[in-house]
Each structure stands twice: as C-alpha cells, then as structure tokens.
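In the part that follows, the structures are each spelled out as structure tokens.
Each of the next two complexes has subunit A plus one other chain: subunit B in the first, subunit C in the second.
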Partner chain A sequence: MSNYETQQLQALDELLINQFEEKKHLVTAYDIPKVTALREKHFKDFLTTGFPDSSHEKWRFSEIDGMLEQQYVHALEPQKTEKNVEELFRCEVHNFNTEIISLLNGWFHDSESGLHTTTDGIIVGSFRAGMKAYPALFEKYYGELAHSENNSFVSINTALVQDGVFIYVPDGVKASKTLQIIKLIDRNENNFVQNRNLIILGRNSHLSLMHCDDSINHFTSLVNTVTEIFVAENANFELYKLQNLNDQSGLVNSTFIKQEANSNIKTNTLTFNCGMIRNNIEVALDGKGAHADVLGLYLMDKQQHVDNQIRILHNQPHCTSNELFKGILDDEATAVFNGYIYVARDAQKTNAYQNNNNILLKPTATIDTMPFLEIYADDVKCSHGATIGQLDMEAMFYLRSRGISAANARLLLMYAFAADIIDNISIEPLRIRIDDMVKKRLRGELSVCEKCVLHCGSPEKEYNFEIDMSKL
Partner chain B sequence: MLLNIKNLHVSIDGKEIIKGLNLGVNSGEVHAIMGPNGTGKSTLAAAITGRDGYEITEGEIWFKGKNIVELSAEERANEGIFLSFQYPVEIPGVSMTNFMRTAVNARREYHKQPPMPAGEFLKMMEEKKNLVEIHAKLTNRSVNEGFSGGEKKKNEIFQMAMLEPTLAILDETDSGLDIDALKVVAKGVNQLRSKDNAFVIITHYQRLLDHITPDFVHVLYDGKIVKTGGKNLALELEERGYEWIKDHQLA
Partner chain C sequence: MDTNTNNNILDEVTQGEYKYGFYTDIENVMAPLGLDESTVRFISEKKQEPEWMLEFRLKAFRHWQSLTEPEWAHITYQKIDYQSIYYYAAPKKKKEYESLDEVDPELLETFNKLGISLDEQKRLSGVAVDAVIDSVSVKTTFQDTLAKHGIIFCAFSEAVREHPELVKKYMGSVVPYTDNYFAALNSAVFSDGSFCFIPKGVRCPLELSTYFRINAANTGQFERTLIVAEEGSYVSYMEGCTAPMRDENQLHAAIVEIVAMDDAEVKYSTVQNWYPGDKQGKGGVYNFVTKRGLCKGKRSKIAWTQVETGSAITWKYPSCVLMGDNSIGEFYSVAVTNNMQQADTGTKMIHIGKNTRSTIISKGISAGRSNNTYRGLVKILPGAVNSRNFSQCDSLLLGDKCGAHTFPYIQAKNESSIIEHEATTSKISEDQLFYCNQRGIDTEKAIGLIVNGYAKEVLNKLPMEFAVEAQKLLSITLEGSVG
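Entry: the complex of A and B
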C-alpha cells in the first residue's frame, strides 16, 4: 500500500514517466523486440507532447482536463483480489451464448496459460501470451495501425501497456459464438488502466465481438484502451462496444480498423453512462469493395460528456461507408461528434454517408457536431447531415391525446429516436437486451454498479410478445 | 348533457380566436360544425382536447358533469374524449401495436382496471382493423409512417374504435380523402355510433355529411356559433356558400 501512497503524490503524467524510466524491467518483461522498440519511440513522443488539453484543436470540446487533474495509481503487476471473480464475470444474457474474455482492473483474467483455441478454431488470449506464442503475428501487425497523431493517449499506451486481449481468427474460420470482452474496474482507489488489444481476422473469416467497459464501484478510474483490428479479404467483423461506467470515471478508447478488399465491418458504440468518454474510431478502407457501417448511440445526462471522433478513410475505389450516430442529452450533459471522411485521389466510385442526430432535452445540454469531408476524387457520392432538436411537440400531443401520460410519451419518442441504431444490432438476443437497456436508461433505472453491463440487476424476462411499451 | 360549452373564449399567443362560444351535445347525437376557413373550427377542437398553447381566457367546458378546463390532454382522453386529427402525425420508431397497447392500458389504468392481456388485445386489434378495412399488418409499422392520406384517416378511425370514446371530435376527417376512403371512414363512424356516445364533426364541406347524417348543424363564424339548424342547413350552405352567412352577419 505504501507504494500507492507515494504514487498518489504525483500527477499522472509524472507518475507514468517515472514508471517507464525506473521500472522498465517490469514493463518490458514479456516483450518481443518490436514492442520494446515501439515503447521507446512512443515514450519519446509522449515526453514531447504530454497529455492533450483543451487548447489542442482536436480536444477543444473534450473534458479531459478535469480527468487528468486527478491523482491515480497505476499498477505494473496484477493484484490479488478476494472477490469471487467467476461470479463477477458471469454473464446472464438470455439465449446469448458468448465466449467470455475477462479483464479485471485491466489484467487478463483467465486460464494459467492465458491462451486457448475455441471450438471454432479461434485463438483467444492475453496480449502477453499472444506475443509469446505468436511473435510473427505481432511482428507483422502490432503497432501498424495505431498512430498518435492528435492523440498522445496512444503514445502513452504504446509506451507502457502490458496487457489486453489478443484474438486471431485464421483464414476461413467463422465464429459460431460471439466473443465477449468484459472489462471490470473494481478497486477502492483511483485507478489508471491501460489495455492493448490486437485482433486479426484472416481471409473469409467471420467474428462478432462485444466489448463491455464497466465499473462496479464509485471510485474514479481512467481507462485508456487502444485496439488494432485487421480485417482481411472477404472477412466479416462486427464490434459492439458497451460503455457503462460510473459518473466519475473516464474512458479513452482508440480503435483502428484496416479493411482489405470486399471485407465488411460494423461497429456499434453504445454509450449508456460515464463521466467522460472519448471514442476515437478510425476505419481505413484499404481494398476495393470494402464496406463499413460505423454506428453509435449515446444517452447522457447529469454532467456527463461523450466525444466521438470518427475518421473514415476511403483509400481505395468502390468502397462504401455508412456512419450514423444518434444522441439524447439531458441536464447539463455535453457531447461532441466529429465525423471526418477522407476520399483519396484514386478512390473513385466511393459512396460515403454520414449523419449525426441529436435531441437536447434541456436548454442546458450541449452538442458540438462537426462534419468534415476531404475529397480528392471526382466520381464519388458523399453526403452528410447533422440535426439538433427537441422532442417533436406535435407527436407529443398526438400521443397524449390518446391518453398516454406526458412522461410516457416522452419515453416513447426518445425510444423511437434510438430505435434505428438498436434495430441495426444483428444478433437477436443482444438486440433484445440492448433494447431493454435503452429503455431502462431512458427511465433512469440502469444500474452501473452491479456486475457487468448486461446484468443490470434484473431478472430475465420472457419475450413471447412484443416489447411491452405500456410499462415504460 | 354529455358536453356543455359555456361562453368559451380561447386565445393563441394573446390573439382571441374563439369569442364566446356555446355548445351543448347530448349522448347519441351527431353535431356538425361548419364554417369558412380561419373562423376557429380547429381551435375549438384543440381547446376541448387540451392542446398546449390554446389559452382558455373565459368560460367553461363541462364533460360528463366535470369542468375539464384544468385537466391535461391525457386526462381528458382518458375521461373519454377523442380527437381525429386533421393532420395525423407520423412517429417513426413507435409501432402501431405498442402505441395502441400503451394507450389502451393507460386508459385502463386511469379507470383502475388491470392491463389488457396480450391475446385479448391482439384479437381486438384484428376486429377493429376490419371495421375500417385496414388490411395491412400494423404490428411492425410505425405510427402513420409511410401511410397514404387515406390510410392515415382510416387509422384515426381505427384508433377511435380501439379506444371507444364517449365523445369523438373529427377534425376535417374528409380532407384529402377520395370517395372510396370517405365511404369507408363514414361506414366506420356509423358502426361506432350508439346511444351512449356522441360525435362532433368539423368540416368545411357537405360531402362527409352525405354519409354521416348529423342531428344538428352549427355554423361557426368569427369565433362564435352564428346559426344552428338540422341537416338541411348543411345543404343550404353548400348551395348558397359561406358568403351568405357573412352577408347575414353584416346585415
């Protein structure tokens, strides 16, 4: 404990710099040479840039300053826990058979070896174990996508990160089960956590992945995750990110995806609760005929903040992308949407669509939405739109004139607004569950302190009839 | 008396639209309210149903022996007042089934009844759909979204059938309807007529009244009812035009 007390006297950047310089043997203990080399490079970058603050253009509207002013502990080795971890991670989603990958306070929590092959033939394990067992894959892929331009969180992650998830789907392997990464933060101290995920999909492979970020207590945590995803020719990848942390906590999530020809991806970022969230998502369409759906829903209230920075890079011709983010903001919540679409000179026949729709429930809520298109090809179709509005008063009266209370009419309309993001969830049991969570969130009943995000403390319901809106 | 409006004055943004209106409606009656554009017909409907922004500056609206002026829109609906909208609102993302189920159960809750069982509800949906010749599957369709003009109006009557109001106000239900849809709507209304309920039909033209025979016809002009008669008054108006009323007023 005394170690943590001394740590707490320092600012976070100082603490991390000292750890890198003084505890390098711990940090690099499992490294292959490439990983160590990248650490050195990114550490130097971080020394020059430091953490971003709101004077930086790309962080102008973010509320990162407040998160960084606090003091944290940052563990370089996993801690023992007395809790029944199996119980913590038990997933109870009805009819939803997932393969669970658990991380507790940022550390891979699984078998002794930290690596196994699923019945479908997918290799799943910890970042460390993956590096040891598959050095050639790390040599080829690690650090090839993640860059620190406008985002020094990637630098400090690359310099100091020690654990995370490694997934390798060999050519032609199609996952029959959804993989579910559950990351729990449960420490009675302010905790800084870094994770690094490397996900590789071979040709003609298929993977759907759910990534749940949760906190189960009310201490402040700041989580900095970097994920690199490689999607080879004809592969199909779906990513559902569920973000449900407490009001004090911060989450910086940087996801980089590279797509080869005729591959398909879908990401759906569902933000239910968190003090401060920054989602950086960059999708590079690097092969002809690739398609990306990049979707998101954010439901924020109180003084919560969410910042979605989306970059879609059309580097090759005949690619399509569809970007849709929707948000409902209550109280003094703030949100940022920055949608950047780049179309390279040779990327003819690009079809890119971007839309961001927002409902502000109170005049004190704020959204800054910024579409940004940079197009160098001449035969392309790019469209974008952004809307900010209130609930439709005509529709409100229509519902109330049928006897539906004002409160329920509001809920119905908010739910309806969110519905087209929910409808895009192609895994049926997950869609039903998310649908239920959205309703709970809109009613203010979603718990952030009970187990994983999908438990939310409720018994499973039977869904033999349509969802009963009358209970809203 | 089911509905009794006494000396009603209604303003929008400080501008008086209804200027001392009196109207009494008994159970079992059909009243038509006719009049030129801009005389306050839709404002009257909005004031009775409790729409925000329509300020009742003077007067009373008694419904089933209760002055409902202070009640919210949903309370008035649950007391048994229904408005068929001139322009039904599209609500993407809210399915017809969930909408109706929420509304039906809201009313039951208001009257301290348990929610309607799912099976019974679905059976009722099917029955009432046939009444207005809606053949489409409503279950997964969003409220009024992508409905044609005729379908929207049929949908209003369908909702009316589901909610079984004691007073139904039909605001320009005939506007935008072709003759076939008009007949279907009128047939639906006629089937729902009973000695226990009443209808107030707001219309600009005679043609809906060819199919739904009113007991009384009122002419609304400049915020007041200036003439009341039987069903033949509608025919007379159709023939002589509203200029006749205007001249009559000025004289």
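Entry: the complex of A and C
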C-alpha cells in the first residue's frame, strides 16, 4: 500500500475519532445514560482495534480495504435537501400495500414528531424519538445483542450512531401490512452513513419487514448498519433485505436476532447489486422450540463483492434452523460465505441444516465458502453442504435440443437455481416482484434505477422467457 | 433399554486404558536442556553432519525465533516451554548393527511389546521397518532386498551422509522451513527420520514402514521423513507411533515430505497411537505435525490414510499440492478422541494443475470430554481447469460432554471446476441399537459394530498389516470390548 493510500485510510479513522472527541455534545444530544455509556465503551474498543483488514481471520476475504481508502464525509446532523422528498420515496410494489419508513442519507425522514402508531397499533419511529419516548425499552434492550467481536464496525456504530429506525410491536399485535424501510443515499459527496435499528416484537405478535438499501446517484457511499431484533415467545418475524446499491458503494450490515421460546423467524437477504457488501447475521435461539430460516440469494457481476457471515447459535434444546444461501457469480465478482452453526452443551434435539450453493459463470469469478459446525451436544442432527459448480451441461443440452437458444437456456437454468430462495418468499406480491427482478437481473437489465429499486409507481410488465413451452 | 444402562455401557466403552504405556530402560545420550543455537550445533555435531546441513538448521532456527506460536487451532493447552525440553536423546549404544543379535536386548523387547518385533517382521511379513526411537533411527530391515531394486530406504541421517545430492534437492522443497512455527522448529532440531527413494519405473515390492517411539522423559521427538517417487514408481509407506505413559506432556513435531513425479503413486498410511494422557487429561503427547505431498508430475497420485487414536493434542493436516496435470490427491481419516483428548485435524488440497482430482473422507468419533475438529482446505486455482473435489466429513458423538466441529474452507477461482462438500453430525441412533439388540447383539457389541462400520470406508484403505492393528486400536481406544 502506498503512503498516499495509508494516509487516506487513516483519514476515515481519524475523522470518526475526532468527531467523537470534539463533537461529543452533538453525538450524545439525544442519549439516555445507557446509550452514552455504551458509546464510551465501544469507542475505546474501536481505538484499540481500528477498522478490520485482511489480516483478520473473519475479514480475510473481504475487500474492505478499498472502501476504507476513500475520503468520506460523516454528518452528525441531518442535512436539508432541495429535492422533493415525497417524490424520492414514492415507492411501491404493485398490488402490495406497505407502510413505508424512509431514511435519507441515514436520517429518519417522516412526520414531525418522528414517532407514530400504525392502525394495527405498532409503534414506528426514529431511533432518536424512540429513545426519548420509551427510555425504559431502550434501557432494557439497546446494545444487549450487538457485540463487536470480530467486527469493529459495530464498535464505531455504537460509538457514533445518531439515527435509525425504532419499531415496537406490543404483545399480541399482528401487523396486517408489511413495514418497509427504504434507505436512500443521495448526496453529491462520498458519504459514510451509520444507522442503528432497534426492533422489538412482543409475545404472540407478528411482523414482516422489508429493508431496502438503495443509492440514487453514483457517488461512493459506505453504509454501516447495526440492527438488533428481539423476538419474544410465540412471535413471528419475517425480514426481507433488498440490497441494490451502485457499483462503488459499500454496505456493512450487522443484524443480531434473539429468539425466545417457540418463536419463528425468517430472514431473506437478496443481494442484487453493490460494490462491496458484508452481511453479518447472528441468530441466537434462546428459547425451546424456536425456529429460524436464514436464506439468501446473491447475483453478482462486474467486480462486485459480497460476504455473508452467518452465525446460528443453538443455545437451547429443541430448536431448529435452516440456512440456505445461493449465489451466481459472473465476470470478476467475488463472494464469501461463512456459515457457522454452534450447538451449546445442553442443546439436545437440535436440528440444524446449512447449505451454500454457488454457480460460477466466468473463469475470473471467485468464491470462498466456509460452512462451519461447532457442536457440543450429542443428540443432534446437524448437516451442512456446500457446492461450487457450473450450469448442468446435460440440462443445457436438453433445452438446446428442444430449440431453445443458448442464451435463453442459460437464463432458464440460472432462474431455476435461484427459484429455491424466491419460492420461500411468503408474501405473494413481493414474490412476484422479486421473481421479476431476478429475471431482469439475470438478463443484465436491472441496474440502480433512477428512483428506487422497486420502480416507483410504474409497475413493470411481467417478464417472461421467450420460450415456446409446448416444445419442452 | 433405559437410558441409564445405556449410558453406563457407553461410559465403559469409552474408558479404556492406554496399553502401550511401558517405559524401556535404555541409556540415553541427551542434548543439554533447552534450545538455543548451541543446541542446534550440538545436534548437528553429534550427527556428524556436513556444513550445509548445519547452515540449513541455523537458518531455520533463526526463522523460528522470529515466529510466534499459532493460536488459530480449536484446541486449548498450556503454552509449551521450549526451554524445558531435551531436543536430542539417542539410545547410547547406537552403532550400526550387522544383525539383530547386536541390538540392545532391551530395545528388542520394546519392539516386541509394540508388536513389531523386527526379526519377526523380517521373516514373516516381508515388511521393511525403520524404527525410530527417541528420534534416532535404530534399525532398518530389508535394506539389501530393497537395494536390489535400487530403492533407498534408510535413516535420514544416513541419507544426509550417503545421498547428499538427493537430500539437498528435495529436503524443504515441499515443506520449507518457513512454512509454519512447528516446521521451522523441526527443521532446526530434527534428529532423525526416514528417507525413501524409489527410482524410475520401480514398483516397491515391500510395504515400507517406520515405527516411532518417544522413550525418554522430557524429550521432544522431531523426526523428518522424505519420500521421493521417481517417474512411474509406486510405494506404500506405513508409519506407526507410540509413547510411554508419562505425567508431563511430550512434544512431537514432525515433518513428512513426499514428492511424486510423472505417473508415480505414493500411499502413506499412519496409525497414530501416542500416549493420550490419563482420564483427567494429565500428560500425553502434543502431536504437531506438518505432512505434505507434492504431486509434481503428470498423472501422479498421493493418498494419505490416517487412523488417529492417540495424543493429548493432535494438530495435523496431511496435504496434497496437485501441481501436475491430471494428478490425484486422496485423504482418508479416522480420528478418535476420548477423555480429554483434543484433535484438530484434516487436510489441504491445493489444485494447481489441469484436471486434478481430490477426495476427502474424514470420520471423526468423539467420546468422553474430548473435542474433535475437522479443518480442511480445498483450493482451486485459476489454472486448475476442470478440477474436481469431493469431501465428506462425518462426526459421531458418543456421550453428551464431547464436541465435534467442522471447519471446511473451500476456495474456487475458476468456473470449470466442481466442488462438493457435505458433513453430518450425529450420535448412534436408538434405532440402530434397537435393531442390533433385537437380534441378540448386546449394546456394547452393537456400539463396536456400528463404530467399526462407520469407520470401515477409511479402514479399508489401509494396507492389510495395518488394517488389523487399526481395528484393534479403535477398540482399545473405545474400550471395553468394542470391535
């Protein structure tokens, strides 16, 4: 690394450290004491660890260095925007009624109070407003899950974060509408953005949440999001993460989920486009009979990089988990998958499954996959599998022999490969939409759209393969 | 059957005692305690080594000093005090023997107890044995027969004297002294080992075999094995290890290097039965070994088979570097851990040449309070087009206080290769036991049957002579009468 780059690298560290030391009054302006205390602690951690680099075991294959070498601005207060914000967020999926929560450049952007209750009785608002209105909840939950082990992005986030989303679903409340968090980055500078989400589900509640990360222009942004999710007994939670940023941008997403007895979660991470994505997902099964589905699909090309680090902690007996990540890599794209199933000493009757399948389309694409198991109980069924390969030549031949063009046959096979994940989306309109996006992505037609990934207001006509099915 | 009885039987089954825990009273010549440059010089001088060998050792030693002990393995142990180990211990009466009669009778007794009586072997089984006791090669049988075929099979130190050009050419070419901490240590202080050279087109008529034994207290065993198989040759090589029962931990840091040229095939089998320590985890051997084979030539093949039942800590990854086009690497392993044993073992398959293939079959069995880890790397480089890997690593848990872990690393850098990895972790199912019981097989026997069946795939790959021993070992490790 040249001297010049080293200096720039230090610049982001230094910028953040200086901000914390010199503008603490701004940083802590809305804090409850616990949050401030955590800031101090994590700031100290960050001072000793700094940003991770490739010498760190869990970041060996990540291409984070390049992202950190950029020069960024990091705002401590929301900025005014000239643009018509309503226009920016005019985002909807055809036939799909969602409750939209919008964040612009990392700042909560909604009603004046920053906090409201939906018709179902769910409290939704900004991180700041939530902290002000419900200090007891923050006292109890905030920072309880997120830890910075192997991930100092959590440290710097906890130290400096200003805003994000707060969602509280009271006991027994079942959301009739999907909540949709839309995060847009639109700034004519390189932007380092930090967000913190706190999501709490009460007993017997139900929530499905979409989390869209998008960028509008072509400036570099690095988004560092930490999300803590608490799922109480018998609650049901679904999370769909859509990641579609420009080729220069980076995203570090750390999601921590704690499940109580008999709760059920499903997370689906759909990565369509981004320069560098790092998804850390940690699910702690802390109550008997909890079940987690952790799914993901990544379709990368050009020089994009995706790194999925999934940890499933079976801390209690009788829990089940199912982990499936599939990826198609084109051009010089690189992907990393590190699954990790941990079964604690007394977590008997655990049933855990982990699978990672990859298709490489070009000789220059790279995949590093590490499906780990660490098991301390004997009455368990744990299995994992990983495959790396190409499109099946025999299937290809079959399709070609029936007069389907090579390009179309390829698309069809790739689509079939991805279908495992798409079929698992339980919200019908969303599934149709994602299905369409995958098809377009595979044809290379989906790019960062002008407004938002979901093509605001103008539902696309459904995409079909140009195949005469009668010949099959 | 109620769970209690079941557990009792499991306990019995998993609480065998170490059967090789005798100590032979042989006078030893020891190097001064501790490690510095003078120790390295002492060893080199004792062995009357040429200057270039000493240079190599010193370079390695200096490099070792710049390294820190690795901590990434999934094992915990008290840090080794490298200054409280004797780095050289040779049986005193060591001289070249013409016949077995001249060998120290105590030593022969040792081998008898090990079940590898040299002359027995010589006459009956036709296995050529090189026994390395406390790091010095004591006896190589069948040298004459082998010489007829042009095969060199001798002690490493002898090879340094007699075949310096071969040793110079190949030593460190597969495992350089800079490779890792323990490889550097070994390169600096290795005392002896075996050297084997199979000339072009020769199919070795015998199974070659080395037996390692640590005898003296506080000694480390640092042996080095180098096998070179020239074009079109074949050799099957076996290695067995034992150590006496001692309270303190003994260190074993070996290097094995294999080079296979065009069309050559090397089969390397290990039955490792170092002292595992007692039930409280006291004593036992630290087995930190670097084993690597280089498939240098086209269509060459290297197969590792290992049965790991001993050692307090096992830390080894027999690897294959598949450099030649169409070369093949195989790894078959059964690792059994019991009581407080810890094993972090697996393999590395580095695909460099075109159409290279590798197979990994790993079976872990953990009992007691032990931890058994499979750690493996499959790396396909961009040039390794149309490469193929299949890995399967299964773990079997006997008892609820042990651990079984799997850490595979899979890296693919081209699109034409196919890699598959699968792993399962389970215990012996009630159904299987019930089925056996119902047919009149008691639980103890049934467990033995199931464990043996589970490991069969790997045991089948061992040479005949070893397969029997390995099965015996498996039962001893999982005592009472399993097997």
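Keep in mind that, in the parts below, the second predicted complex is superposed on the first by the 445 of 472 C-alpha atoms of A that agree within 3 Å, B and C clash if a C-alpha of one lies under 4 Å from a C-alpha of the other, contacts with A are read in each partner's own complex, and residues count from 1 in each chain.
The rule is simple: contacts are C-beta pairs under 8 Å (C-beta built on N, C-alpha and C of every residue); 3 or more make two chains touch, one makes a residue touch a chain.
Owing to the predicted nature of the structure, the values given are computational and were not obtained by experimental measurement.
> Counting only touches as set out at the top, which of subunit B and subunit C does A:A419 meet: first, second, both, neither?
In the superposition, A:A419 contacts subunit B only.
> Examine A:R345 and indicate which partner it touches, taking first as subunit B and second as subunit C; both and neither are also allowed.
Only subunit C is touched by A:R345; subunit B is not.
> Name the contact category of A:I123: first (subunit B only), second (subunit C only), both, or neither.
neither
> A:L399 contacts which: subunit B (first), subunit C (second), both, neither?
first
> Tell me which partner A:L373 touches in the superposition: subunit B (first), subunit C (second), both or neither.
second
> First (subunit B), second (subunit C), both or neither: which does A:N408 touch?
So A:N408 only meets subunit B here.
> For A:C212, decide between first (touching subunit B), second (touching subunit C), both and neither.
In the superposition, A:C212 contacts neither subunit B nor subunit C.
> With both complexes overlaid on chain A, does A:E57 touch subunit B (first), subunit C (second), both or neither?
second
> Which subunit A residues contact subunit B in one complex and subunit C in the other?
none
> So in the complex, the part of subunit C that touches subunit A is made up of which residues?
So the residues of subunit C touching subunit A come out as 72, 74, 382, 385, 395, 397-427.
> Subunit C touches which residues of subunit A in the complex?
Those residues of subunit A that touch subunit C are 57, 345-346, 348, 358, 360-390.
> Give the list of subunit B residues in touch with subunit A in this complex.
49-52, 72-74, 77-78, 82-83, 85, 88-89, 91-95, 97-99, 101-103, 105-107, 110, 115, 118, 139, 142-143, 159, 163
> Inside the complex, what are the residues of subunit A that reach subunit B?
The contact residues of subunit A facing subunit B are 392-395, 397-406, 408-409, 412-413, 415-420, 465-470, 472.
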